[in-house]
């Protein structure tokens, strides 16, 4: 599907590969599933990204990050988004559009990943803090996709991808 | 607080007055509370808008509507936002940042208002459909504020504002 | 699957047939989908009930209603549940376990159905008010299943069931 | 308020003191707030418990745990609740009634606490696993209250309690 490929391409343009997200999923789920491989996780991450909710969330999140980065919106909200304060909260809410459709395991894993910032999430966070690029919305989207893939693995096991 | 006044001013710039939102709150709650007046509702709507979650949601929602309207974002997501399909769903999710902090009564009233589109919500929806302006996110924000004010009235009654 | 059949049987024991829920789905969705039939809706309602989240929510909701009805829990919380006040709110939250996994269209339809109480929802509500049985949790579960089926129809159309 | 005291008493009966919850809040928030004390955290935990949503959630959660423990509900759902599988999910959903009204910071902290099970949460989890008592719902409620108190501290700072 065309929009799905666009979503994957936009993620890559912004510095996030499918493998980066799959590594977080592996980190979240390997203690529960024996022999879980990075390839299993890549397969499940792709399943999550196929969903319309994910595509819409990815494209919207990146659009907001980009207009904030280019300062195409009013100064006050632009500064709030660029600052990425914990008190802003709209970035986590937008990510819920992906998390919610994947159930409670996705929700707790999302909160966990959002707090500990594994792998690419920390990279995005650091780039954002250096004011080079704005990843206020994207880092939460990455956590949401990784956590949702972890939930799918918990629900369906690893047989499916084999 | 300065940001609160900015939020109110942006709402007005986009065609929404506090009174317009308060009328929806009155419509939602007058069958449960005797002698509920439009002034009571205005007071509760202002209480909702004072909250940080509301200010952030209002300013972000309007920023997205504006960049879509001016076509400052990628074509594909721009067209999706302008079309405001029921399948998009990110607009309702963003509004949840206001609704969630006001509890279950806010949630059911939000769903109800979003479906029947009372007063200014219908006006915004029609303007959006004529492609004059984009109100894809704003109409859900208006429903969210009105529903949250209705929830506060259900919880605290009308004495407070008198 | 055995648990799914148990969930359907418990719904029937408490006075709710699949057809009753499908009628609400038809009511919610017929204005958007041409030629939507009650049989289409029954098929989608069954799809929703197949999900683990739905089975767990149905069985838990009915268990709480039953222990409240038989007064097997502490007096204070028992009375709060039997009263089914709008300010209680836990019944709507439990129903979200079904609604959330079906996206934004399920959410707004849930709020709408919860407010207008179509068909069997009103019947359950009235029985509850006469203190014959407790349906504090069940009526929200019925709204949640009907709204989630409506969301599936909006997403996948009616071809699937034909 | 009487119901608030009942909620605190029921928590204690089930093995959870206010101080136990406050210690989790301190653990969650001390890296962000200088000089945050356990007394500050106790004060904020009490604020959270005062809310109607919290009281209703606490009393309902404990009621379900107790009827499962005493096997007063149907065998199938009783076994599912006693097992406390990650796939059950209704316990996390019920806890959201507290978390949601405290915003995004509460949500991510809830997911984090639910995964790492600090302090009393691990104690409850272990007792539950030994089938001595059922704490399937209570451990999530404890995470929810602690995370919500952490969110209040992030929003309002520690001045308030001094």
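When the chains are written out, they are named A, B, C and D in that same order, and each has its own residue count from 1.
Simple rule for what comes next: a residue touches a chain if its C-beta (ideal position, glycine included) is under 8 Å from a C-beta of that chain, and two chains touch if they have at least 3 such contacts.
Values in this document were obtained by computation on a predicted structure and should not be read as measured data.
The chain with its CA mean position farthest from that of chain B is D. Counted by C-beta pairs in contact, the busier of A-B and A-C is A-B. Averaged Cα coordinates give chain A a centre that lies 27 Å from the centre of chain B.
Centres computed as Cα averages put chain A at a distance of 32 Å from chain C. Residue positions of chain D touching 2 or more other chains, listed in rising order: 52-53, 87, 89, 93, 97, 103-104, 155.
On the side of chain D, the complex with chain A involves touching residues 32, 86-87, 89, 92-93, 103-105, 107-112, 114-116, 154-155. Put simply, chain B touches chain A in their complex at residues 3, 6, 10, 52-53, 56-57, 59-60, 63-64, 66-67, 72-74, 76-78, 80-81, 87-90, 93-94, 96-97. On the side of chain C, the complex with chain A involves touching residues 52-53, 97, 100-104, 155.
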